[in-house]
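Dropping the structures in below, format is structure tokens.
Next come two complexes built around chain A: one with chain B, the other with chain C.
Then we have the complex of A and B:
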């Protein structure tokens, strides 16, 4: 321990930073188990009643969850189809304005979602009769596309296209080349993009709050609405559950993508 | 195993002609080297044979059948790519087995053929490794095994040895030749290295700017290049310009500067007295002379470089041009020393000076 002092100081700072990041989360998690009617810290006693409360129909959280999942999964799947095709054609072929096209596909990232929602709202009201699910779906479908495109492009950008020629010369037809070579090698980018896109959609508030109809409300909006009326530990409980779900997803992605990245 | 014939093969990219009216006939089991600098059209030729690029005009015949309408994945052409192009997400075994799996062969047969091929390229025991876990030489042998395991009718090797260090390069040259002869595959190898071409191929084709300059056996190309360009490409470094005199007894006198060199042509050179011509000779064929005589010229040593098995000199003062003899015996020569050099008449190549003719 030559640099004992530096080491000691470094560790202290590191621990403090970590505490700063984790503390609010710990407070939320602990508070979710409180039996009291208000969020208190430290919790007095232990109870799961706020968790049970999530599942009561009066909160509509379950309904919101289902709708959020519907939107998120559907939009992500369709965006993967569209985004991967777009990324492939941008990266594989040499043509004028390919950079412009890439910027076009990623432009929704730079447009404020409120402005975007406003435009959509105008459009919907002029068309009239657009069902609630479609209203939100279209919005999400567009704003999460950049995540799929960007992440796929980042992998394809350094893709060795000779591999496709190699597979072709060994007897693989274009479809086989695509599914045995191109897609497996682009998978890390596609999965990472899909996960980010899904999480963005699942978390999205600004656009959804403006576009939702009384009959189609996503989970984040349900939570926001609930918060406006009541401020009980149910919020802490659902936050805890969402954190756990995110954690599971991230670990899953590490397993899927992390390993693949390692294999390259 | 098949014969390959290229007839009037031409490829254009816009206004640029990459391959210009190429004709070539390759016998069964023959190994041909396409030799040329970058952009000479050798890789484009390879890509046309493989089917990755369509010819502008001309035909490609394999076993006498035109293959232009056959898509690349049905041509059964094995290719070795310059950067190996191994599939990074597959093990050595999976890489080599890729083509066989596509043919839907029984598992046992695939295993047997892959293992045979891996032992042929001396990679036994590495079948579960991923390409990134292999050395450059090993990766290269995997690429070779993968290209040959499907028993292609034609094998194309694109700069197979360019990424290797000198020792491994020589080893792999022997290896490639051994395997190619063992399997008897008709092979075309693309390279920019004349030593590689000469040591590997049965016949060498020198290309420049999309055109074939010379087709011949390694000896022919090495000793009797048909043009100063080919000579330059084959490592000739001494080039002299002069004017021809009348041929006598099979010897053509050429006046270069203040000296006259006699070239043995035996009536084979199409050069008339008074023609401007270019002479060239291999550095190793220039010898030291003890006394003056025919084809002996004296000059001053400018530099002397010891190269191990030869000593390379830069000699000026004999002609307008610098002469580069490579002496096999080790003799020390100081800067400014006067040496007498002998140019054996049968070792000198003579060409009409096309550039000068155009200028006139």
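Then we have the complex of A and C:
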């Protein structure tokens, strides 16, 4: 098509960048199947023992996974409630200070998570007795709220509000309008926001590492702790599984809302 | 009036949550730090060469990562913007996929490649190009490589959107008027793409300024950036005053970048990512 005008230099750089992006991920997958503790290339055989090690290792990866899922799902659910109502308040009504309010809702994005983690840590140490899960949960649900708000706003921004009036004039009550018209139409934004928010929480390290207690440790922190003691392909195995999970999610999102949602 | 009340009611839950768990703690701890030690912790930061060196390292790593991301990201984004949609979609997936993989996992991949016994050293020694393994892991170079890997997708995505919106006919017009490809780039494409360049650079810069995982895993224990230093002050030195100073100075730097952007472009950055996992 217009390919002719893109010169060879751009193409070369693009290819190299793609290789650069993919290289460490390919290495991880290959490393997860090597039988030796030192990763060599080409691999000297094939083994699944590192995958088995995930479940038998004294680092309780599965416990970490459960805790990460708990925090991620709960924080995302709460933020969908908070974020969608917040986005509706901004987009549905016209008032002065709308933009200021949007900036307020997305303000956690401007704050380095490590600074927020420090602040929470100090606050907890003054309050005393804040349980492990709540310590991390508060940090996560604040820091991921902007993702839900922003993605929902990006859909509601171009929303045709007369559809709500049309439904009302056809006899729908406000609750029906909300659940049958507004929410279904805003769904792509809400889903994209929820996915990004969940992934953020699931991968979060700075907050979790400062706020975790010995009894409540999330998966990324368990992986990092393991890394400091042993550097073997168990890490590659668990990384591969996490990548497969990401791949499933991205395909799911492609089907549900299309990837264009993420390019805004 | 009724509608305004509804709007307020809808805005209330999120507003209260942010106020209680975010704005209030951020201000309260700042006031407390100042009330306890005055500005001593902050002046200590700006007078101690040790801390100034950390700030400088953080700025240097962030600037280099931003510059390289732009330099490599721009041609890639341009290629994507002008390429048939099938190939483009494949490229979008390649770019979005590592974007969904955590920084811990990605840093691990680089550790396997860059380590002393890593794949790169095995490869180079196998070829006989070097006799001693190169020391890349646990250096600033490794941190910059990891950072670019982490952040270049944000740069590319910021640029693709803008470059796509430039009508190719504008380029053809420049060519037909006798402009060379170089002139077309410097006089037409580049100026039209500045919004994307600014947003991409601000995004990558702020994210690398605040990054924690990459410097911690790829830089080793002796390599320090602002975010890793906060954690070290708390967990190793037990110096909470210093941790407070570094935290709020880092925050101030990020907000200053935002203010400069608003003042020069008149726009808020849609995406800031001050806290994104990096």
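Throughout what follows, the second predicted complex is superposed on the first by the 240 of 264 C-alpha atoms of A that agree within 3 Å, B and C clash if a C-alpha of one lies under 4 Å from a C-alpha of the other, contacts with A are read in each partner's own complex, and residues count from 1 in each chain.
We adopt the following convention: a contact is a pair of C-beta atoms (placed from the backbone, for glycine too) under 8 Å apart; a residue touches a chain by one contact, two chains touch by 3 or more.
It should be emphasised that the depicted structure is a prediction, and the values quoted were computed from it without experimental measurement.
Colleague: With chain A superposed, do chain B and chain C clash or fit?
Modeller: Overlaying the two complexes on chain A (C-alpha atoms) leaves chain C and chain B fitting together cleanly.
Colleague: When the two structures are overlaid on chain A, which partner does A:114 contact: first (chain B), second (chain C), both, or neither?
Modeller: The answer is second: A:114 touches chain C but not chain B.
Colleague: Report for A:185: first if it touches chain B alone, second if chain C alone, otherwise both or neither.
Modeller: The answer is first: A:185 touches chain B but not chain C.
Colleague: Check whether A:73 is in contact with chain B, with chain C, with both or with neither, and answer first, second, both or neither.
Modeller: In the superposition, A:73 contacts neither chain B nor chain C.
Colleague: Identify the partner contact of A:48: answer first if only chain B is touched, second if only chain C is, both if each is, neither if none is.
Modeller: neither
Colleague: Is A:166 touching the first partner chain B, the second partner chain C, both, or neither of them?
Modeller: Only chain B is touched by A:166; chain C is not.
Colleague: For A:248, is the partner it touches chain B (first), chain C (second), both, or none of the two (neither)?
Modeller: It touches nothing on chain B or chain C.
Colleague: Between chain B and chain C, whom does A:10 touch in the aligned arrangement: first, second, both, or neither?
Modeller: In the superposed model, A:10 contacts chain C only, not chain B.
Colleague: Tell me which of chain B and chain C touches more residues of chain A.
Modeller: Between chain B and chain C, C touches the greater number of residues in chain A.
Colleague: Compute the least Cα distance separating chain B from chain C in the superposition and give it as a whole number of Å.
Modeller: 11
Colleague: On chain A, what residues does chain B touch that chain C touches as well?
Modeller: The answer is residues 263-264 of chain A.
Colleague: Any idea which chain B residues touch chain A in the complex?
Modeller: 50, 52, 71-79, 81, 83, 85-89, 98-99, 102-103, 130, 132, 146-147, 150
Colleague: Tell me, which parts of chain C touch chain A in their complex?
Modeller: 3-4, 6-11, 13-15, 17-18, 21-23, 25-26, 28-29, 32, 72-73, 75-76, 78-80, 82-84, 89, 91-98, 100-106, 108-113, 117-119, 122-123, 149, 152-153, 156-157, 160-161, 168, 171, 181, 209-210, 212-213, 216-217, 226-227, 230-231, 234-235, 240, 243-244, 247-248, 250-251, 254-255, 258, 268, 270-277
Colleague: In the complex formed with chain B, which residues of chain A make contact?
Modeller: That would be residues 160, 162-163, 165-174, 176, 180-181, 184-185, 260, 263-264 of chain A.
Colleague: Given the complex with chain C, which residues does chain A contribute to the contact?
Modeller: Contacts found on chain A: 1-3, 5-7, 9-11, 13-14, 16-18, 20-25, 27-28, 31, 38-41, 81-83, 85-86, 88-90, 92-93, 95, 99, 101, 103-123, 138, 141-143, 145, 149-150, 199-200, 202-206, 209-210, 220, 223-224, 227, 231, 235-236, 239, 242-243, 246-247, 249-250, 259, 262-264.
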